[in-house]
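Two complexes come next, and they have one chain in common, chain A, joined by chain B in the first and chain C in the second.
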Partner chain A sequence: MGHLKKDNEFDVIIVGGGITGAGTARDCALRGLKVLLIERHDLATGATGRNHGLLHSGARYAVTDRESAEECIKENMILRKIARHCVEETEGLFITLPEDDLEYQAKFVESCLAAGIRADVIDPKEALLMEPSANPDLIGAVKVPDGAVDPFRLTSANVIDAKLHGATVLVYHEVESLIKDGDTIKGVKVFDHTTKQTKEYYAPITVNAGGIWGQHIAQLAGARINMFPAKGALLIFGHRVNNVVINRCRKPANADILVPGDTICLIGTTSSRVPFEEVDNMYVTADEVDLLLQEGEKLAPKLASTRILRAYAGVRPLVATDDDPSGRNISRGIVLLDHETRDGIKGFISITGGKLMTYRLMAEWATDLVCRKLNVDKACETMEIPLPGSEKENIDEISKKTWSKPGTPHKAVVGRHGNRAGQISMSSEYDASLVCECESASVGEVRYAIEELDVHNLVDLRRRTRVGMGTCQGELCACRAAGMLAEAHKCTETAKQDLQSFINERWKGMYPVCWGDTLRESEYSQWIYSGVCGLTGEGSTEKI
Partner chain B sequence: MKFDTIIIGGGLAGLICGIRLQKAGKKCAIVSAGQSAMHFSSGSFELLGRLPDGTETERPLEVLKQLPKEHPYSVIGEETVAEYAAMVPMFLEECGIKVSGSADKNSWRISPTGERKPAWLTLEEFVSLPDKDSKIGNKALIVNILGYLDFNTKFLADSFEKQGTECRIVSLKLDEMERLRKNPSEMRSTNIARVMDREEVWSKAIDQINSMIKDEDAIVLPAVFGLKDSAIIEKIRTRLGVKTYFIATMPPSVPGIRAQMRLKAEFEKCGGYFFLGDTVKGADYNEDGSIRSIETANFGNIRMYADDFVLASGSFFSKGLTATPFGIIEPVFGIDVKAEDSRDNWFDRYFWNKQNYISFGAVAKNGLHASKDGKTVWNLFLAGSIIGGYNALYEGCGGGTAIITALYAADEILKK
Partner chain C sequence: MNMQERNISDNNFEQCIKCTVCTVYCPVVPVNPLYPGPKQAGPDGERLRLKKGLYFDDTLKYCLNCKRCEVACPSGVRIGDIIQSARIRFNTESPKLRDMVLANTDFMGSIATKVAPVVNMTLGMKPVKAIMDCTMKVDSHRTFPKYSQGTFERWYKKNVKNFQDSFPRHVSFFHGCFVNYNYPQLGKDLISVMNALGYGVHLLEKEKCCGVALISNGMIDKAKRNAGVNTESIRKSVYERQMPVIGTSSTCTFTLRDEYPHLLGVANHDVRDYIELATRFIYRLIDEGKVKLVFKKGYKARIAYHTPCHMEKLGWGIFSTELLRKIPGVELTTLDSNCCGIAGTYGFKKENYKVSQAIGKPLFDQIGKLKPDFVACDCETCKWQIEMSTGYQVKNPISILAEALDLISTSEANK
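Up next, the complex of A and B:
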């Protein structure tokens, strides 16, 4: 497939640059299809980048949702293999506190084992040795194969591989309408936010992987998907309090998972229904912050005195089953809709529901359906072939092979980009100078991200390199990186506006938790940018 | 230990207050935790850039009467503010800090990103422009040091070009800087300044610039020269021959640190005691609620006694104020603070709007006295950004309020 086509003709168009869309684009490209991936913002801007970053063992679902639990553990093992540079093998604990029912533990372990999840009951004292920050009052502990996964890196790696296999990726392209011919979807009409032009692309199949925004894409096709936006708020702490994932051994509830990730750790989540109109503008409320803190302290008492970096919220794309428009019977599993059989709309499918952990499986299902429709007979290989960055050697070997004396920024680069780090120029002292001290991001890494990883602005850059994600939340690195973007994109005006938007975007996550050191940091930022620099936010994209 | 006055805070306000008192014969001690806002100075002190309602002010002294009554300028009184404002340049000059500018009319400074901001007094290497859109020249050579990322040449060129100045950006490559670059986090202003302070290095830099000048009539340089001594600024200007503009960099600020070190040296030269790296842990009080002594972390149970105390401990960033999820407190003495109760009223969701929390601070009674539980503390005076009731950032009056409240508090103590 893919031969003798015009530039704007593809085998398959995938709408949505979250992990599901990225995974589907990779899978389709690996099976030889000519792929177009379209995203209206940047990659991983929706629920993909707004969750725990937990490499679920599935244990959390073992009691309540056996099917999800089994999917999770299988995908967990696959990701450890194919996405090593995105995964941190931390292990996980399910702790029982005096206020919890210890009998639940037995049921929990039994369910885990039934789902194929290793679950070892360990002595509370041993649990505290394994994770000293866990609540010392715990009365029971179970060890499970949880881990941490970086969703930005994972999405980026899928996109890199899709592109290596011929896929075209268009970010900042928004679907305006679907091109129809009778009851068949022929392609998409998109608005390019960068050039402000409208373009048309054609393919026999369009895949709707828009997450919560997929409801709207389906509407454009004339189909109806009943989505129930469920907001989940999380808090990010300034450093790693824990090195092992800590869960509460009880029925899933608010704020009962604490996950370490890179330089920070995360507590979450809350769960509340939100009106559809609000999904583009999620604000974390003071009540949500208080609840997360109150429950989080029970997992690790140290959280009470740990600096909170920011608060954020994502929207889970929960789907009501077709026979229940009221939404009471909501599926948390994978939902693959063939709109031809369901609604009589040809050339259009939706892949939704599911979770970060099962993205690969969702992509596999969606791609299987695409291939069936296109009469392509090629089996899925994504459970075997490592993602770019995760091939071959381990991180230390790559680092040693690439640089004679790897320093902190070199190690950070390998951690973030795996064996693709070799493509990042860090040989000269200028390239090795740090843009972002908190996260050890160098000039070379920033330049690589701008040139190779579809970076349009500072927020994109943050998702690829962690610039501005550390304790200072972009205090000085933002201005440095803005200078580099101005140079790379040859547009100073845009870079300056972008800097101001970026600072506001950081603030959005800070003000809900703005006291103590976080408020001190914010005051400093205010003095630097509004005071010393005299910037006023003029031209920044967000304005309230 | 017994002093006449103990000042808590070694920033602009604390030092100015200490120098004033020490020169008048008082025995003073300053307890300082470390860095101050001067370390991220813009290069200028502002008197008043705009009123709380947003009206821009061209002549600050003429609008002082329009300020609300809790504003520190109002507490001091407009005529007194004007008197102090007039004497500050001489006061600073006597401390070895040369400034330009006047309180009668705001001048304009050029910010690190090329913006123009109202200024009152500007440190010597910077140029204060008479008008907001004054042109720096017809053609400018913008010079950076290779690898130094805190000087945004692109942003500067963009803003100069808008005013009709043609810009050319060049980089200096100096072998002496290579050693700094070996450590990736070393290319920061103060580290560069330390190397640049050596005559053979700055001389070489000037030679390189001279060889690069074509027909430019303005040279733009980052303010990373003269960390210890500002004398090289004039030498550089003379050697370049072309009008030279030093522009403030992103923090740390070399001129700001130099000025702070100058003030500290002046205070010590006058016989003052500067206890660096110490923090106040507690206080005990006389029966009338006035302060008898304080206890610090370094001196432990050797208490420090004084007749009068000045609290110049700064705002949140300097830990003069502490924010908890439940409210704002002043951590040293627990004095009265003016702040909104609900966190929802602390912030605006848009970063660039006026932020209420910046105006939170200690309640200043007449004479800049602090109050505790509603009762005036007769021997505790407030100076600088610890004082509440005004938004120094929004109004553009941080430097002015720091200097003037410090001088006023000192004179109130001397009057007793």
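Up next, the complex of A and C:
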């Protein structure tokens, strides 16, 4: 849109910094729109960052939900091309155990093939060669094109590209209300949590990409979307037990997917309905931990003697179908709502439902609708253009091109930032020294994240760089990173508070699985932070 | 169900709680900034390597395999083993000619002992050293240990084998390459001492190089073969001939006991407890009142004892020092716990020379200040390093014992 606009005027405002919002912001920006993306916390804080990180082949949905399965396999192939540094092509196995019905396998394979998903029945022995950690008792195995995807990296890459194409991204900005003019939404009134100021932004279209919280945003517009929050709990193990995704070949049930993700692997999930009021406060119960372990061991017996780092839970944003007046039936696929035709509210659309896997398609649909409303005639290109960092080479090639003698920290940086690693300074001894030793994140990488990737605090930093995600859960790295944040933001007091809340946030995830070495480590952490560093928060009764 | 009671990690590297004390005790870290230290190279790096082999870091080659990190670790993590195993699994570079020459101690030894005077003279010549420095990257500062004329094994068979059966009790002796090819005198000393104590000394049915140099130079297949042969011979000695196995080299002994199962996957749990260092074996006999030692009158020596790294790992330094303290007239100082820097073949390599000497400096300085009559040590490569770097002579405690004992009276006392 060529004509000049004021600073607070945009073509489109997108509410929600999850993968859907980030993907929509990128798509809109690529089509030449002036975009504003607003997020009340940090990027990828909701369901986006709280799932398996599974690059679904779609096989899991093939039997029950053909449409989702077809979408998944198409997007799977696209993400392998456009998001190489966020994706790991691990392959996946669907294993049948003696207690499972082997007849389900035939039905499963047939459904996969019908949905366009490659599904090869392989000999159980071959499956064990492919993934030695899989349960050796398996009686059947099917190989499918599953993989792993890092949702934080994927969201961040979409945001980077949106910004490269002129988008404005405001994190820690919460929508207070929508600015209405009659039956038209003209913009948003937001509260800036950093400066504690209220601001107004205007655009002819506002896109609600709030995930589970989209119900609330729709309410602000005067529309009603019924969400069914479904909690899913997962366990993170201390290292990779498997290098191939292992699924149970049966009807989807609890804890039947084990995914290798970066340096760890995770088992999930459970599924339980939770009241809407609880979606901001998810915790994992002892029963859920037991269930995940018990079922997880059946996929890979080694899990029984592998250290568990933490437990966490996310909320699936399931949406009620519009054609069911009782509001009880759940819509499976992507839900795009044009509130003008649905509710008579102009300038407001909602994009919800769907999955991490189909975020790009969701963004495409939403952007197509935005463009139609704005009379912009430009085709979607996100299925072709690689995300920033994902341009071509593999980790080894990029490392060798960028540094003369790349070591583990250099390769780790490339692993996380792909081609953009070249922008990270690792030349001086200080820049190459490590902030996070478990995950090999350097001073240079942390500085880059603070300066370039909208990092406001330690938790944000963790999502961009994996600082604090390793075995020590912040024991050694959190204070170093807090020091760098204090320097960057020129405020020691804030950094200290931030450090405390970060340690507490790490503890929250360790608490449900705190035994064995994880208990020893947390005791040691406590000793360092409260005993040596004297970090005791006023008003905080929580054990750090 | 209480899952907590069952779900305990049996992955050794996951027992690391990141206290970093290993890195504090690593001798390489302070002198070589390229080395990431045992914590990062070991348990930290392991998680990345399990993700993908490409995260293997070439700088792991700077690890001395001294195992000081393991001695320091309060969580029982076998850090040195993790690092060496990673080198075994992921290192793609094949060993250079130099590494093969340095590592194949028994092959080189068996050739060199046949023409020892020529080899010793040649290796000692300055132009030869210069050529080896340039072409093979063996540092010219280094002096190769002299090869002996004829091996220990040959001497044994010719001179002492025939009367070993006449003693009331028996042990097998793992002599190692150093005794066999370079310094048979140490083996002779051991036989004198053990015979005086009433023990016949026997060779193993088959003995190969323990393989420590093969492991550190990446020749794992050969190391495994040697480990198999040695363990089988030891098993025969222990179970068929009822003879425990003793050695005079702390590193060989350590390798036979711990590196075989940990790094090479050669099981030895049934014989491990029967392999020990001669000093510990003798000390225990004295302690149990089974043997008596009679010393020469007037023996006097000021001795500084250096504890080799693998001796620290074995935890057996105390047996050697206490044994030496039993000698009247010995004034013994145990030197501070420091690595000498040589680490077997490591220090011979040109690229490691500076680091090697920097690591050893505190040890050399302390010896220089103490001005002992000589240094005592249970490791042959520490001996070369200390002799080259300080000018002081280094003797094995068994040789000192052989010198100080009144062998005839001791024999009488133990009849």
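Following the convention adopted for this analysis, the second predicted complex is superposed on the first by the 531 of 544 C-alpha atoms of A that agree within 3 Å, B and C clash if a C-alpha of one lies under 4 Å from a C-alpha of the other, contacts with A are read in each partner's own complex, and residues count from 1 in each chain.
Throughout what follows, contacts are C-beta pairs under 8 Å (C-beta built on N, C-alpha and C of every residue); 3 or more make two chains touch, one makes a residue touch a chain.
From a predicted model like this one, the values you see are computed outputs, not experimental measurements.
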| item | value |
| --- | --- |
| Chain B versus chain C as contact partner of A:R520, first or second or both or neither | both |
| Touching partner for A:T263 - first (chain B), second (chain C), both, neither | second |
| Which of chain B and chain C A:C438 touches, first, second, both or neither | second |
| Contacts of A:G407 with chain B and chain C, given as first, second, both or neither | both |
| First, second, both or neither for A:R240, with chain B first and chain C second | second |
| Chain B versus chain C as contact partner of A:T382, first or second or both or neither | neither |
| Contacts of A:T358 with chain B and chain C, given as first, second, both or neither | neither |
| Chain B or chain C, by number of chain A residues touched | B |
| Partner chain in contact with A:E429 - chain B first, chain C second, else both or neither | both |
| Touched partner set for A:L476, first chain B, second chain C, both or neither | both |
| Doubly contacted chain A residues - partners chain C and chain B | 290, 407-408, 429, 434, 437, 476, 515-516, 520, 524 |
| Chain A to chain B touching residues, read off their complex | 283, 286, 290, 407-409, 429-430, 432-435, 437, 442-443, 476, 479-480, 482-484, 486-487, 492-493, 495-496, 500, 503-504, 506-508, 511, 514-516, 519-520, 523-537, 540, 542-544 |
| Parts of chain C lying in touch with chain A, wherever the complex brings them together | 1, 3-4, 6-11, 13-20, 33, 36, 39-40, 43-48, 50-52, 54-59, 75 |
| Chain A residues within the chain C interface of the complex | 238-240, 260, 262-264, 289-290, 293-294, 304-308, 395-396, 405, 407-408, 411-412, 415, 429, 434, 437-438, 440, 470-472, 475-476, 515-517, 520-521, 524 |
| Footprint of chain A on chain B - complex, ascending | 37, 40-42, 111-113, 115-117, 146-147, 149-150, 152-155, 157-158, 178, 181-182, 184-185, 187, 248, 250-251, 315-317, 319, 322-325, 343-344, 346-353, 355, 357-358, 393, 398 |
